[in-house]
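The following pair of complexes shares a single chain, chain A, combined with chain B in the former and chain C in the latter.
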Partner chain A sequence: MKLKGSVPAAFVLLLPALICLAVFRLYPIALAAWGSFCQESFEEAGRIIFVGLQNYADVLGDPLFWKSLWVTLKLNAVINPIQVVLALLLTVMVNQRFRGIAFYRLLLFVPIGVSLPIACVIWRLMLDPQSGLINSLLGQIGIDKQRFLIDEHQALWSVMAIATWKGVSFWMIFLWAGLQAIPSELYEAARLDGATAATRFFYITLPLLKRTLLFVLVTDTSVNFLLFVPMFLLTRGGPSYSTNVLMYESYRSGFIYGEMGRALAIMMVLILLVSITVVIQFYCLRQKESS
Partner chain B sequence: MIHRLSTFLRHGGYLLVGSIFVLPLWWAFSSSLKPLAQIFHDTSPFNAHALLPFPLDPRAYLEIFRKGFGHALWNSFLVSFLSVTAGLVVNGCAGFAFAVLSFPGKNVLFALTVLTFLAPAEAIAVPLYTVVRNLGWLDTYAGLVVPGLANGITIFLFRQFFAQIPRELAEAARLDGAGWMTILWRIYVPLCKPAIISAGLLIFFFQWEAFLWPLIATRSERMRVVQVALAGFEQQHQTLWNELFAASVISSVIPLLILLPLQRYYLHLVVDSSIKG
Partner chain C sequence: MLTRLAAPRCFCALSAVAAVAFSLTPALAVAATTVRWLTLSEGNWVDSAKKIIAAFEARNPDVTVAIDSYPFRQLFEAIELRMKAQDPDVDLISVDVPLVASYSARGYLAALDEYFTPEELEHTWVAASRQAGTYQGKFMAAPQNNSTQFMYVNLSLFREAGLTPPACLTAGQTATPATVATLAEKDRWTWEQVVDAAKKLTKTGPAGQVWGMEFHQVSRLYQLQALGESLGARLVADNGLKATGYFDSEAWKKAAKWYWSLFNEWKVSPKGVSPEESPNWFTDNKVAMFIGGEWHIPIFEKAGVNFGIAPHPYFAGGKPVTGTGSWHLGLNKASRNKEAAAKFLHYITADEEGTRIWFESQGQLPATQKLLTAIEQAPRYAVFPECAYLLGVYEARHTAVPRPQTPGYLQLEDIFASTFEDIRNGSDPNEALPTAARRVDRFLAQFRK
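After this line comes the complex of A and B, so read on.
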């Protein structure tokens, strides 16, 4: 059915958002894309010249870029599934009803308040190899001191642990809101039919939570591909580039080495990478929805 | 007997998971109430006092407010509040248009909108800085609030939820002569309270936590928000960990205080739906 007055209403309702997006998102993206084809002139400092695909060619020929790409993919291949699955399991935990649950809910939601910069500062002190709380606690149960953030093989995992600690409770709010929206009659009916907790989870909770899960997965992925604060505050991409994600490599190129063209070219590659991943996620989850 | 054992195990499990979640902030809280020298003395080697605020010394809290932390809190609060109110209106309206109305170019516009959330402020910080500078908004509240107002994620969220509401409701209201704003306000908003709360929380937390953008878009002490002030603490007062912890605890507790009433609201929703059912 075609409704009257759709077009003018749509225009009015969309205008503020579209103006904001055009001025503060699309135009800067266009500037960034243009900048990725430019370099500062060698002859004349401050003069920007068009160099075509030169920055991209340089980047693709640079082993450090491929190393950063690998670190970015490794981080995201691990952290996104872990965060979403953990958030889902903990949401189911939080959604139980028994005496004292309110207290546990409070505990599980505490990290929401802690911003990522603060989380990084606190965790750095806790993970300090010499005087950190975690090594002291590990010592109590007879485990040797670990080097965590300053160890080439542990740094990325430590960053993931910090980001997950911080991220999971945040995503839980959304999953919990989705869970609350599922009519409780469905569960009662299933229980009367003798469905086990596992059956109820896989046949009621999961399918009805799909929209929320898709939203959480997509948002979480875009956040983690652009994860920057832990590398900026804790590891500076090291040790031995083991936490040097593309986001940080771009920051280093632009703000430490002053190669803005390279920084923007890397950023464009990163944005492309996120887009592809998100489209794949959409496609896969849509597919399941229709089957 | 078996029942008591399972209750015991359940509480044990919840307590274990809960303490992992709460440990860092609790440790920061205990440490913020200690004299500076005591903090690392207690963790290495481990002693039970590490997790207790003892000997009690609240001076760090008084000290940070003397150093102007209160104003940073006010700035963060104002910026977040403005972002949430204006953001809900702007993105809610856009989400409604995409979900309910039909107009030419809808799919292209929606794809473009969603695409923008793949490039948040962090990714385009440098060109965005140029735009905001040309508008003369550097070091102003407008410079902190307006660039992030329209947000692809939030519009996407609103569209997702508005699309779940049967179109017949809107069509019936339309035949009765209701305007689109009335339909949005009277039908869609009341039915989508969880979505609105989710969107509001999303905006609030993104803004409250924003670090990189406020860092580059503001210069004066007067405009400093909490996260930037905290980074300043670490640099200027390098060794004053108890003050850094005190500021961290305060700025972490505020979002929780905002979330707790909403948690009650979630529970009300459950009660409501079971009454109606």
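After this line comes the complex of A and C, so read on.
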């Protein structure tokens, strides 16, 4: 009875969020889905024509789409585990109490205060093959100059490094909040029982942080599938399309080539890809939770 | 809280303010027409725009012009975004001339015929520029200027290296159309001569690294088209709908291999320098030969570089070819201020005073008949550096090759730039060009349907 009575109230409280979700998320996705079946007419300026699955057929028949898909998957297969594991390890580290910890915390959280575009510009200067700071430092230890962002074998890794530098500190905030919610009595009891630091981490911290970790993993994956700024500002999808992720290919189609139908078709594929990945992540972590 | 006495006073005061405000409204409404111009932010373009806007506003106090400027590549993206959204807050857009057809076909531009008299349309601009701004018989974009290409020579660096610079126009020199023609026909360097000299000029000195040569618009189609064209190769078929067999021809592969060698074999040009930064390398005496447009003259002069101006090089056994075509000005079809915008458009592209101010400030080869005639006849243009415009007029009439006429120019230009950027960074031209040509064809296929 009580539960029944609370349903309308809950609905009313959720309504603003649901309206925002519908207006700012679902409606644009529906528009994009419709747009992916349309093209601009070349015979009559400004006229939009329904072309069915033509855009999808064009996209799936384009080798560059498959290369972009591969780059997107490669980026995400590497960057998501690295970011989450690094964020978790650093969070556990900054959660310790010892002299000078505030300084380390400050250092680790500095990237949050730098916007991604500014971070990209700074990193571009530091990774400059001719006069960048990184090559100067490498030179000090006898390593030859690297080409970083202009080398097709190094560009994607450089982008991953920049995105990780920026992303890890952000995800640390959530994990740190999750850590604060774990009762300290559990650790004290474990210590009294003689549990080592590793045991406490694997048997207390990790299980009780699972929900936060799930949130971080899912959100991080979504963010990285849609990663765009470093490609836009640093590489423009190159060299040799080595950083041409689907997000950038969609942008290029829509806003450089003016082919919005193609851009939206790529975007729908990307949404599908993110959705499948997130469902798999939910499924895997829920399975472990229930077991 | 208002007292009984204060309330009527406040009411009176508010009434008085409102009365003054309402009395001013008509005046404000007249002065409120603001024309917004989506344009370029590179080089001295914005400064030139501000100068001509000031002159226009002095003559037309009822119109103000605001500029919304972007770097070269971002400008095309901003235009796509805002024109596709039919943004009424943009009134004028700078149109790169090969895109007139593309923008017109997609309904971005309003026809300009009604804003010019038939005589103006017929006689104001050189025929090629007017024709380039015309789509399906309608005048869609007015020529703002034309362009040409030179090879700028840093005379100090040549002297320090003990090398004889190419024959060129230099400080203190006067020229006539005849002497300039002789310079272009008899003394033009080949790319092979340029590379020979560049190898000797590239070195690390006390003032840092000096490079032999550099293109201004590194990897962009506008400037590199001349390489393939010099070897007799076109980029796309005559109908503009096929790139394979053209962009990946043996001649283009040879041109691309030469470009690759500049950066990767001979190492006479710096990598990682953007078109926005490249002129600074010349003004900082870090580059001995700079392939650039006539708009660099005021920039280099202002920077105090000891420079000469030589004709644009060509491949031995090939023919001299130079880039041409430049910015036109178009009227947004969705603009709310078409009349006011057209007034400014007319001023900057056709008016005698406006075109002169623009030319003198921007320094780009003009597209109007009157200014071209003035350049050939006025004594002022016989003296360096203004005499370089005589060379520009010669190139425009004898060696200029327009960019490809294709409805897929946006895709061609982007793919060309990324391909040549990859080649600059070490990709094999024999693999990169066929891939690029096939990719261009994929996009052109939609126009063949």
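Methods note: the second predicted complex is superposed on the first by the 286 of 291 C-alpha atoms of A that agree within 3 Å, B and C clash if a C-alpha of one lies under 4 Å from a C-alpha of the other, contacts with A are read in each partner's own complex, and residues count from 1 in each chain.
The rule we apply is simple: a contact is a pair of C-beta atoms (placed from the backbone, for glycine too) under 8 Å apart; a residue touches a chain by one contact, two chains touch by 3 or more.
Worth saying up front: this structure is predicted, and the values here are computed from it rather than measured.
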Exercise for the section: Identify whether chain B and chain C fit side by side or clash on chain A in the overlaid structures. Expected result: fit
Exercise for the section: Report for A:L64: first if it touches chain B alone, second if chain C alone, otherwise both or neither. Expected result: second
Exercise for the section: Look at A:I204 in the shared chain and tell me whether it touches chain B only, chain C only, both, or neither; answer first, second, both or neither. Expected result: neither
Problem - Partner chain(s) touched by A:V92 [first = chain B, second = chain C, both, neither] - result: neither
Handout entry: Touching partner for A:L31 - first (chain B), second (chain C), both, neither
Key = first
Exercise for the section: Mind working out whether A:Q130 is in touch with chain B, chain C, both or neither, as first, second, both or neither? Expected result: both
Exercise for the section: Identify the partner contact of A:M260: answer first if only chain B is touched, second if only chain C is, both if each is, neither if none is. Expected result: both
Practice task
Kindly classify A:V51 by the partners it touches after superposition: chain B alone (first), chain C alone (second), both, or neither?
Solution key: neither
Practice task
Answer with first, second, both or neither: which of chain B and chain C does A:I150 touch in the superposed model?
Solution key: second
Problem - Distance in angstrom between the closest Cα atoms of chain C and chain B, superposition on A - result: 6
Exercise for the section: Residue by residue on chain A, keep only those touching chain B in one complex and chain C in the other, then list them. Expected result: 130, 254, 260
Problem - chain C partner contacts - residues on chain A that touch it in the complex - result: 40, 42, 45-46, 62, 64, 128-130, 147, 150-152, 236-241, 252, 254-260
Fill in the blank from the handout: Counting only contacts in the complex, chain A reaches chain B at residues 1-7, 9-11, 13-14, 16-21, 23-29, 31-32, 35, 90, 93, 98, 100-101, 103-105, 107-119, 121-123, 125-126, 130-133, 135-137, 139-140, 165, 169-170, 173-174, 176-178, 180-181, 183-185, 211, 215, 219, 222, 226, 228-229, 247, 254, 260, 263-264, 267, 270-271, 274-275, 278
Exercise for the section: Spell out the residues on chain B that touch chain A in their complex, using ranges where they run on. Expected result: 7, 10-11, 14-15, 17-22, 24-25, 27-28, 40, 43-46, 50, 89-91, 93-94, 96-98, 101-104, 106, 109, 112-113, 115-120, 122-124, 126-128, 130-131, 146-150, 152-153, 155-157, 160, 164, 170-171, 174, 180-181, 184, 194, 197-198, 201-202, 205, 208-209, 211-212, 226-227, 230-231, 234, 241, 244-245, 248, 251-256, 259, 263, 266, 269-270, 273-274, 277
Fill in the blank from the handout: The answer for chain C against chain A in the complex is residues 76-77, 80-81, 84, 102, 104-107, 270-272, 407, 410-411, 414, 418, 421-422, 425-427, 432, 439, 442-443, 446-447
